[in-house]
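Report on the following structure.
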Amino acid sequence: MTPSFALYVGLPGQGMHLHLDALSLLFLGILLPQVVAGAMAGMRKSVTFWVFALGMGLALAAADAFTLIFGFELMSAASWLLVLRGDQKPATLYVGTAIFSAACLIPAVFLPAGPLAFLLIVLGAGAKAGLAPLHFWLPRAHPAPPAGVSALMSGGMVKVALYVIIRYAFVVLAPAAQPWWGGVLVAAGAASVLIGALRAMLEGELKTVLACSTVEHVGLITVGLGIALRGKAMDDATMAGLGLQAALLYAVAHGLYKPLLFIGAGEVKHGVGTTALDWLGGLVRGMPKLGLLMLAGAAGMSAMPLGPGFAPEFLLLHAAIAAAGSGGIIARIGFTALLAVLGVGAALALGAAVRLFGIGFLGRPRTLQAAAAEEARRGPLAGMALLGALCVPVALLPGLVLNLLTPVILELAPQAQTPPLAYAPLSLAVLAGLVAGAGWLALRRYGVRGTREVAAWNGGFGKAPPWLPFGDPAAQPSATGFAEPIGRAIGRGLLAPGGADPAEAFLLAPLQRLHTRGVRLAERIRRATIRQRLAFVFAALVVFLLALGLGEGS
Amino acid sequence: MNLTFSLAHLMGGIILVLGFSLLSQRRLAAMITIYQLQAFVLSAAAFWQGFAQHEVNLYLTGLITLGIKAVLLPIGLRQIVLRFNMIRAVETAMPVVMSMILGVGLIGVAVLVVLPSTLSAVSLTREDLAIALSVVLLGLLVMTTRRNALAQIIGFLSTENGLVLAAIGMPGMPFVAEFSVALLVLLAFLVVGVFLFRIREHFDTLDLSGLEEIERRGR
Amino acid sequence: MILFTIFLPLLAAPLLGLFGSPRQGAQANAVLAGLVFALTLAVFAAPGAGLVHADDLGLIFGAITGFTGLTTAITNIYYVREAEPRLSLRRWRVYHAMCQVVLGATLLGLYADNIGLLWAAVEGATIAATLAVSMPRTPSALEAAWKYFILGGVGIGLALFGTMLVYLAAQPALGPGFAAMSFRALTAHAAGMDGSLLTLAFVFILFGYGTKAALAPLQGWLPDAYAEGPAPLTTALSGPLMNVALLAILRFRHLLQANFTAGGAALPPGPFLLTLGLASLFLAAFSFSRRRDARRFFGFSSIEHSGVAAFAFGIGGAAAVFGGLLHMLLHTLIKSALLQVLIRAAALRGSTAPGHYGFSHLRGLIYSNKYTAWVLGAAMFALSGLPPSGLFASEFIIISQTIQRSPWASLPLGLGLLLCAVAILRNLGPLVFGPAPVRTKPGRATLETHLVTLHLVLAVVLAFAMPPLPVHLLSHMAEALQ
Amino acid sequence: MLLTLLLRLLATLLHAALMFGLAPLLMGVVSTLRAWALGRRGPAFVQPYRDLYKLLRKATLAPDTASQLFSAWPVAGVLALAVAAMLVPGFSTGLLTAPLSDLITILGLLGLARAATMLGGLEAGSGFGGAGAWREALYGVFAEGALLVVLLCFGLLAHTVTVDGIALAFATQHIGISVSLGFALAAILAVGLTETGRIPTDNPSGHLELAMVHEAMLLEYSGRNLLLLNYAAMLRLALWMSLIGSIFLPFGMARAADILSWPGGLLLWALKLGAMAAALAVFEVSSAKMRVFRVPEFLGVAMLLGMLAGIFLFVAARIGA
């Protein structure tokens, strides 16, 4: 059951073609709730938003290269306009990356199946997905637009880019696939995991933290895809199956909790007026519903058991272990290192989530605005609630979701094995419930009830002045302070001098210098006098004549 | 018939030599004179071709050339020289010897380029084509190596002589007279422009004045 | 009929010199342009014969030229209202005459079947345009006019030489006479021509008409001419003129290609065109970033796009040529739309005199007039070639063809397009949404803004929902000229 | 069939009961032995029970700056650890929870517990809680990396990553004392010490603000909540000891299916735990606490050891490049 359509607009004389198979349907399914939630979060009236969504839909449903890239770029263009309206600074970088991906994708789709085409696809789509080392634009651009759009960009747009990678690596270019292709994906993914998680831990601004964590999760998905691709090329059923299960389940889960978090961040902005963590604090008291939903999202973001993010993490680690069990010694050592990286990344993500929630929503308010924040608006809350509700099955019944994914997995890798999931959150929950019941009874029976509120011991600091009813903000842990030691212990090794993102320092900056050089040259040409311009023409003419003479003489 | 070709070649050769010596000149007056000579020879060549090919409009071309290029334009140019008293030698963008070496090179290029062409029985042979082409290139070289507006215009004029030289050689080509007229319009505009815009030394000064003006406004 | 189409504007030009007031002149100008547009459509029925005989390309591009001319003339009415006091009546008369001359010469260049006529048309257009550029008489305008004139004059000289060489090269096949100067005859007998001479001719043709098409390194005149001349004429009409030159290059290129494929001594034209195309692309890409004057900025964008078209022709093959032609069509529409709305924007900010088009003057247009600002933004966006802009379709075709025919050329092409698009979009933000200069008063949008919207809509429709007839004509010509 | 199921259920319940019941005793044993090693008399073995009871009878205070979730964190922490403790096989393999006892799940549960404690520390917004939280986060980064690498070795050796399966494999099939297992043991010990907050990375009994990690996060808690948190710490110790025990000293573990092997298994389990407690006590008194920023290096070494273990494994398996 795979319906196809033809549109009568498109390339002159050719039009566009759409085709829906399991893969497209899955990603459309991932997209749908986010679009709804984004619309609920206040984007309902923005035409650009709907064009944005339309572009993603086109790209996912495309049956020919033109439609795919048309949709892809339509998506980029619309989101660029939204970013531009939000903040002009990152817009240029953003659109530059978008066009770069087009400049890589268009040639790639017309090249014969082979390594070059694959690498171009990874470059183009990877740049759009925020895959290291082409991720530098993402933490700047994703926070810029309104929350609903950020949500869709982080949860949906990167998925579309990943969809392109999947579509080409597993379906279109499949005949030419080789194991090292998987290796490329794994390496890029691991780099993204490390840098994304670390920056998510270090950044001081709520939406930026979320964007960096998106980089990390894209990396995790890509690692899964890489393992699966390698498994498929080596005809290793377990690797292929586990890798795909992990990647797709991650895509589903991340598509739920990340938009939730972004919309929540938007509400924080609306309620407090800023999203700088060091200006928040104690928001749970003011906005309890938002707080709980954000807590759920953070649990997903940090891959906590019984949260939506754990099952894919679980599968991914198993896939990595399986991958380390086969192949040459170099590859095996590589996968051992990969496990270490995944571990560090997971711990960093946990730290980032704790910091996000603990600094932003717990503790004492750091500003009067934070103290006075009121509950979030109904629309966004409804959107978040929708996403949160959809998180529940992913969190508690991942097995069922995996069964839904099986046809996609078989479409991508026919030989893949999909064993039942060894992680059963439901039974864990039951055990926890039993213990909880027993403990509650015991405490009820023997313990004294009730809780008395007293002033907290403020660590020996003097009494706060009267105009700070919630105590002196300087006397409580800050987001910066929380992250600083980790930056000192790990960042020094991974980041460029001055704590800059290595991709920016070692990739973006040199390119900009190169561009400036070109501009200087062009300016020198532009300032030429008429005689010099004549000289250009004349010289060019003579050169051409010489070339002609030699070309014919030979 | 043989005489036709040899005479045509002779005139072409003279034109080329004149164009080459144009390159060597520093003083405007001399350049104008040389240009005038070139125009005379050109008109003669036009008449000759007209006689050889029994083409009326070649005679016409010759008349136009003689009347306007060989007589009127030089007068106008001399007027400009007097008006803006540019008697002294003009500065060149590169040493004259250098430019002459370049000129030789250009002639070499022209020959190299037309060599492979296989011209069957048509009145204009390779040599003529090579000559015309090198006259054109030399004229352009003059334009690019002279800093003085008038010198550049003279270079352009001799380029255009080369064009007409090629045109009159074309067997039975339509519109030859029209072409030369159209080109003359162009030239007239050039000379008139020099009058109108009162270019003292060379375009560069105009450039600069313009530039400052514009930089202030932001371009 | 077709002769009438061409000579109506040429003959009417002197009459425009008689009107008592610039406004009447402008209105008469608009009426004439309307007539010409109608006639260009009528030409589809009667393509003419002999020296002036429109082929399919001539028909399509003639219609586009007529359309652009009409919208420009209407814009011109508002322009004159605003700019009347700046020039004397005499100058206004000359100006309007020149508008018609340029229009007529352009049409002649498009419809001419005779390479000599084509050359004459280009020359006439150049002289007329030069006069128009020098019109404001400011030092910078004179400078621009001089550049235009000198470089253009040299170019025309080279073009003539090339034309004569083509005639000469055709001798073996066609012998003396008109036949050897008719495109149809030449195309039919391309195989029998003298290949090496033809190649030589092509180099001169390329440099001659390339100067009009502003391919680097022949582009020297264009940005200044754009920025300093009176807005409607020099800018909005330069698109069609550029088309004439590019089409000429395309046609001569085909002669070379045909001779080459037929085993003649000609060299393949691809490398020449690719070199010039890429040079223009990169020159434009790097020249964008320091421009402060909007019209000069978009002058460089014209250089970019004619470079892209030349590149497409250099790639060769029916599909690439089709892409190039589509690119030219859309670029003509979008660019003239953009420049017209720029005039409107400058009017909103007080003055349309040259030099009042600095980005710093026009910044934050949304605070002057929402509609105009959005249209301006849309036009700039369309220029960048991101979907849903029509140029996306043409650039997609061109890149895909490049990949298939000469893969490594696609790398610099993609890079250049990337740089250009980024440079254009970078200026869009501040120009439309940025902070407006102090004392900005809200203004009204006028009729021509709607015309501009019409342009843009037309561009999108042509690109993505092109009606069968133009598809047929274009692809047929692309087949013929591949 | 049904009988075996019943027996396994019984064994599971027994295991849970022992775990939950004896965790405080284990903690008491460690601290008492430690006191003895220092030449003090030390408290009675059952002292922890007394402390817990005392806390049970005390009123519960909450700082006025804390949020509604103040009391939720201890509960979450305890629950996570309790579930983990039920998954790790103690005296016998083949419990009902065996299929769930995937090391990655256990890792996740430990992480959940850690997150809960950290959030609890940040609740009141007092400086020390924050300090404890960031230290915990910092340690966790390296600990998890090291654990996963070690986990990889186990997975490759035993072809499964459920603790139960590993224990079974190491007990039955002859693995031998390979270099990699040595490295793995060293790594996992380092991580265990950090996770359970013992010297050299943290001092359970010291209350020096500048150095404390776990204690710092408990400062604001009292009464019921403090009871839960302390109990969680005890559970964690017991959990880690039986984890290490069942992986590295799997010999003599009972099989849940036959009841006759239970007594031996129980006895041996007690002995193993006792031995480990003694070893821990001796190690603690013989080593000094290290500075906070030395700990990452300490754990980094652990991670490196883990990787070495993996590499040696590959070398031993003679895999061509």
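Should a chain be cited, it is by its letter among A, B, C and D, assigned in written order, with residues numbered from 1 in that chain.
Convention: a contact is a pair of C-beta atoms (placed from the backbone, for glycine too) under 8 Å apart; a residue touches a chain by one contact, two chains touch by 3 or more.
Just so it is clear, the structure is predicted and the values come from calculations on it, not from any experiment.
Taken together, chain A and chain B share the touching chains C.
Summarising the inter-chain layout, the chain whose CA centre lies farthest from the centre of chain C is D.
The chain pair sharing the most C-beta contacts is A-D. Centre to centre, using the average C-alpha position, chain C and chain D are separated by 77 Å. Chain B and chain C have CA centres that are 30 Å apart.
In terms of their C-alpha centroids, the spacing between chain B and chain D amounts to 97 Å.
The residues of chain C that reach two or more other chains are 146, 150, 154, 196, 200, 265, listed in rising order. Residue positions of chain B with contacts to 2 or more other chains are 113, 116, 140, 143, 152, 203, 207. Pairs of chains meeting the touch criterion are A-B, A-C, A-D, B-C. Listing the residues of chain A that touch chain C in their complex gives 8-13, 55, 65-66, 69-70, 73-74, 76-77, 80, 84-85, 88, 91-92, 95-96, 98-100, 103-104, 106-107, 110-111, 515, 518-519, 521-523, 525-526, 528, 530, 533-534, 536-537, 539-541, 544-545, 548, 551-552. Only residues 93, 106, 109-110, 112-113, 115-116, 137, 140-141, 143-144, 147, 152, 202-204, 207, 211 of chain B touch chain A when the two sit together in their complex. Those residues of chain A that touch chain B in the complex are listed here as 527, 529-531, 534-535, 538, 541-542, 545-546, 548-550, 552-553.
Note for the complex: chain A touches chain D at residues 201, 281-282, 284-285, 288, 291, 295, 302-306, 310, 313-314, 317-318, 320-321, 324-325, 328-330, 332-333, 336-337, 339-344, 346-348, 350-351, 353-355, 357-359, 361-364, 422-424, 427-428, 431-432, 435-436, 439, 443, 446-448, 450-459, 461, 470-471, 475-477, 481-483, 485-486, 488-490. Across the complex, chain D meets chain A through its residues 56-69, 71, 75, 78-80, 82-83, 86, 97, 99-100, 102, 104-105, 108-109, 111-112, 114-115, 118-119, 121-131, 133-135, 137-138, 140-149, 151-152, 155-156, 161-162, 219-220, 223-224, 292-293, 296, 303, 306-307, 310-311, 314-315, 319-321.
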